[in-house]
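In order of appearance the chains are A, B and C, and numbering begins at 1 in each one.
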Amino acid sequence: MTPAKIEKLERLVEAGAQARTAESGSLWRQSFRRLRRSPMAIAGGAIVGVFVLVAVLGPWIAPYDPTAQRWGDEVFLNRNVFPGPRAENWFGLDHLGRDMFSRMIVGARQTLLVGVVATLIGFAAGAAVGGTAAAAGTFGGRWGQRIEAVIMRAVDVALSIPMLLLALSVAALLGPSLTTVMIAVGVAQIPIFARLLRGSMLAQAHSDYVLAAISLGVPKGRIVISHIFPNSLGPVIVQATLVLATAIIEAAALSYLGLGNPDPGNPEWGTMLADAQRFLSGAPQLAIYPAVGIIVTALGFTLLGEAMRESLDPRLRRQG
Amino acid sequence: MRTSRTTLARRAIGAAAGAILSFGLLTACGSDGGSDEDAESAEDFDFTCPEREDAERAPDEEANENTPFVFGTPGDPSSLDPVFASDGETFRITRQVYDTLLDHDCTEMVPGLAESWEQNDEGTEWTFHLREGVTFHDGTPLDGAAVCANFDRWNNFTGGYQSPNYTYYYSKFFDGYAENDPEMGIEAETNYAGCEADGLTATIRIHEYTANFPGAFSMATTAIVSPGSLEQITDDEVETADDPLPEYTQTADVLAGTGPYQLAEWDHSGQAVTLERFDDYWGETAEVKTLIFRTISDENARRQALEAGDIHGYDLVAPADVQPLAEGGFQVPTRGVFNILYMTYTQGHAPLDDHTVREALSHAVDRQRIVDSVLPPGGTVATQFMPPSLEGWSEDVVTYEHDPDLAQEMLADAGHEDLTLEFCYPTDVTRPYMPAPKDIFDIIASDLEAVGVTVEATPITWVEYIPTTRSGDCPLYLLGWTGDFNEAYNFLGTWFATETTEWGFDNQAIFDGLAEAAAEPDPSVRAEHWAGLNELIMEELPGLPISHSPPSIAFAPDVYPMDVSPLTQEDFSQMYFAAE
Amino acid sequence: MLRYTVKRLLQLTVALLGLTLLLFAWFKALPGGPENRLLPDDATDQQREALRRALGLDEPIWTQYVEFLGRIVRLDFGSSLSSGRPIATELADRLPATVELSLFAIVIAIGVGIPLGYLAARKRGSWLDFIAVSGSLIGICTPVFFLAAMLKVVFSQNMGVFPTFGRLTPGTGFTEVTGFRVLDGLITGELDVVGNALVHLVLPAVALASIPLAVITRITRASVLEVLGEDYVRTADAKGLKPQTIRARHVMKNALLPVVTVIGLLLGSLFAGAVLTESVFAFGGVGSFVYQATTERDYPALLGFILIIAVSYVVLNLLVDLSYGFLDPRVRVRS
């Protein structure tokens, strides 16, 4: 486990715990107020908002079917003839005579899907692992603590392996596809979420309301599921926002390594960018559109996530 | 050329051998009365060896002596002993180092180490009269005994060396070994009957004639290596098919040949093989002193390296790069057309066993668009499973024009308006006959969708692609072939000699016809067989032949390139840095 | 401390065993199996069977695992399917290239990142700060392979300033000592080799440095900002110490601690970046090899590589842990 990663995660945990335990959630409200004033958050929020909107509405706002080779007879990729932007095709045509603008719009949805699903996979599996560890450690007695130690040690080992390597191993196993990318990127995030959630839950476990619930005789399982777990989610949501950005970039890298979606039917930015590398000399625009899309979107999620973290983090807050 | 374990498809370029220069083609195309269109297609077809248009240039002595010539290759070679290789990247290098008994000029069989050769009527006894005064790089002279030593060595391979994994081509030509190792799964008796040396003469005997001869004697795998250098080998023979190649095949300091260049260094991590000029070469000595083959696997990266002046030439030029390079002053000679790209209808999958369905699908595909927009200029739509430059190509085969309405109608007649078909294509590869598999797939898929077929795209990595398609798991798939041989058998025999899962059809007339043709020693009689078989095959329609296309090779402006070969057997000793 | 170390070592052994088990399971579960990769296109069933026997694929699974462990201990990962050479040799041959590249990348990242981060923090809110912050954000968000490819298009293909591939111009004579070209050139006095190697390093190292640079800039900035707000800095200021003294003695010294920690741990992202940048520049290092192994599904090579990287990371982390335990007693107690 890298101390830097740990420290970052632990700070987030701490921040979340403080926000939650303070009276009537006023710290949360404060955080949100700060968030609304932060230019980072506004910029990030705007980008993410537009992106999500486009992703959701994509098929309805795209002027043409993104998979139809409608202008197939105008593109000659063996002679480098790629009609550029024009009235009917704002971004020009791709190498098979498909409308690039429509592909970008509809591609946003696939890209978001990859990011969200990968994050959800990482979160769900991470929650299961981290949650089990925390629950076992808190309520499982001596054996529980041992189980916790073993699990967390494994998580630390996993955290120390480069993410791309984890993703690569998974992708090699499953063969190239979009699902592979989602799972591979998701699996690589499991240790992060596991660590975060465990820390977060442990912080909750020692809070007054949990002690009160225990003394009132509420079953332990119920305390974990209906109190500790939901209350630990704050920092996780912040992390998820950041992971989304990483997931989108990692997905593009996996596509570049030939492990991404090789099916050209559905446009997805990472696949489009990886595939367009071969036209970089003759038709760089084919790569630049999806590249800009990926960079701006990842930037949006990162800005939003960082802003959220800063507004939650008491230490950063102190600097005013 | 096959794809071996050591060969990534994208590196493999077809090597070929053969004997017959085809003239049949021009007559075939001109027979309709010579309208403009016919003349044009005839020109397309006579693409085997176009006349060179560039003037000969004077060599730049200073540069040739002092500047290493760097050639960008798509992949690393696999072995410096050519008998263990089956890929074009290895052959490109070993052909500069070792000579074969027979050689090619364009596609014509010409003398190599053998000044002349003869065969008996049955085609079972081949006598080679060797050149005088040929010396190996280690200083020993070439004689008949040296030739026999090589053939005997191959025949006496044991253990893992017998695995087609190592000696694919040898076992393809000679079936088996002196003593077959049961572990290696080879059952056929060897077809090699012995070799007698007498001074500068070597006579090689085989038990039964097959159409593989005399082509086999020009294959890079049967190049003659100095027997003295073979004795330097200290490695043990490999025992299993899994062992790596012996160490000596991976270093440049063991083997010696007779070629214009000798091995100098193989830098594995730097992915470069260096050759040095051999000054006592029996033919014309090379101009360039140092020749380096450097692997740059990405095709765009090879182009960038050439444009930046980091390399002086490269192979497997993407079709889209040909024109920009030429406009930039680079030289991009185009090879003759010697390949086929096809789409298989695997008949193990209903309703592809229905002839009407296959016919309908064939009418649905706009092959001309693929040729016009994806393949390199100079390509043509294929009408049958071998290129027109081969003897035995038939002008009378059934053709299937692009006609979506007809296709839709036929599908309806056959009761398959809403057909769903799985369609496989390879993902991480380009081949000389298939520059952009995904794009070709995309175009065909959209054509099929246009006539109401639902296409399920199944992309498969190249390594798994061949086994998957061979097992018959893909109803539709793209594949192709670059000739090993200027001999129709090398194309048709590869696919249609017997019932296979990859094609899934059982047509005894085709199988019997092929067997009969392959055993016929007379080339002109054989050609008639092939023509008839091509017609039979296109009636059966086991798949849709898509195209024949010419691969290109690129050179820097200050280079005088060698003659390019439709068989991809370029002779690098012909090429040099030219003075302005 | 001894008890702590023993405990950690035990945990390490368990972790490593678990890792090999996972890798073994991974290797067995790979699609297609090695036999398809090894057989020719037109292999018969007998050949298939013979090969399975030759590879020991017909033995019981635990025998195969023990055999697998034995091979790992002997550093025998088999041969690469694509080159036919032993994987240990392949990796050993290529390691110096990647290490050299990574070192240059980290030098660039530190050399630019720390001053930039420091200045950005000192001039918080200025245009410099804005550029540093937004630049580092964009750096993190740009796919490395795309950045590398664009650098190559602009600086090699169009401007012709830097070479497009490799570590040296092919055919350059040099004497191999350590495998690090720049160092070798300095040792043997072949200064042309040094220059040649440096020119070849620029673009890949810049591309590879993009993410560490962004991270170091951000961390330096944040850390300097935090230190500037600490009581002891304000105290020093109030005491009337010279600003230079405060900066050197208090701010930089304290702010650099987290930065130094991070630098040691950027190896992971450097490695990931190396796979992508080396493939763009055909650099011939471990990264190129992994890229090739990935696209060619050369599983034995991937396996050996993942194992070596994973083991070295686990061991490295143990060392970091131990040194932390040594430096900071609180860690020992907590664990």
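The rule we apply is simple: a contact is a pair of C-beta atoms (placed from the backbone, for glycine too) under 8 Å apart; a residue touches a chain by one contact, two chains touch by 3 or more.
None of these values were measured; they are calculated from a predicted model.
Centroid analysis (C-alpha atoms only) places B farthest from subunit A. When the interfaces A-B and A-C are ranked by how many C-beta pairs touch across them, A-C comes first. Our note on geometry: subunit B versus subunit C, Cα centroid distance of 40 Å, whole angstroms.
Averaged C-alpha coordinates give centres for subunit A and subunit B that are 47 Å from one another. Between the CA-based centres of subunit A and subunit C the separation comes to 23 Å, rounded to the whole angstrom.
Among the residues of subunit B, those touching two or more other chains are numbered 298, 304, 307, 428, 461, 464.
Annotation for subunit C: residues touching 2 or more other chains are 31, 153, 157, 295, 297.
Residue positions of subunit A with contacts to 2 or more other chains are 175, 258, 277, 280-281.
Residues 1-5, 7, 150, 153-154, 156-157, 160-165, 168-169, 172-173, 175, 245, 249, 252-253, 256-259, 273-274, 277, 280-281, 284, 287, 291, 294-295, 298-299, 302-303, 315-316, 318-319 of subunit A are the ones touching subunit C in the complex.
On subunit B, the positions that touch subunit A within their shared complex are 298-300, 303-304, 307, 318-324, 369, 372-377, 427-428, 435-436, 438-439, 441-443, 445-446, 457, 459, 461, 464. Listed in rising order, the residues of subunit C touching subunit A in the complex are 11, 14-15, 18-19, 26, 29-31, 137-138, 140-146, 149, 153, 157, 222, 225-226, 229, 258, 261-262, 265, 267-269, 271-272, 275-276, 290-291, 294-295, 297, 299, 302, 306, 309-310, 313-314, 316-317, 320-321, 324. Subunit C contributes residues 31-32, 36-44, 46-51, 53-55, 78-79, 81-86, 90, 93-94, 97, 152-153, 156-157, 160, 163-171, 279-280, 282, 284-285, 292, 295-297 to its touches with subunit B in the complex. Here subunit B touches subunit C in the complex through residues 2-6, 8, 67-68, 70, 76, 78-79, 86, 163-165, 168, 183-187, 240-245, 250, 268-272, 274, 290, 292, 294-298, 301, 304-305, 307-311, 428, 461, 463-464, 466-467, 470, going by the rule given at the top.
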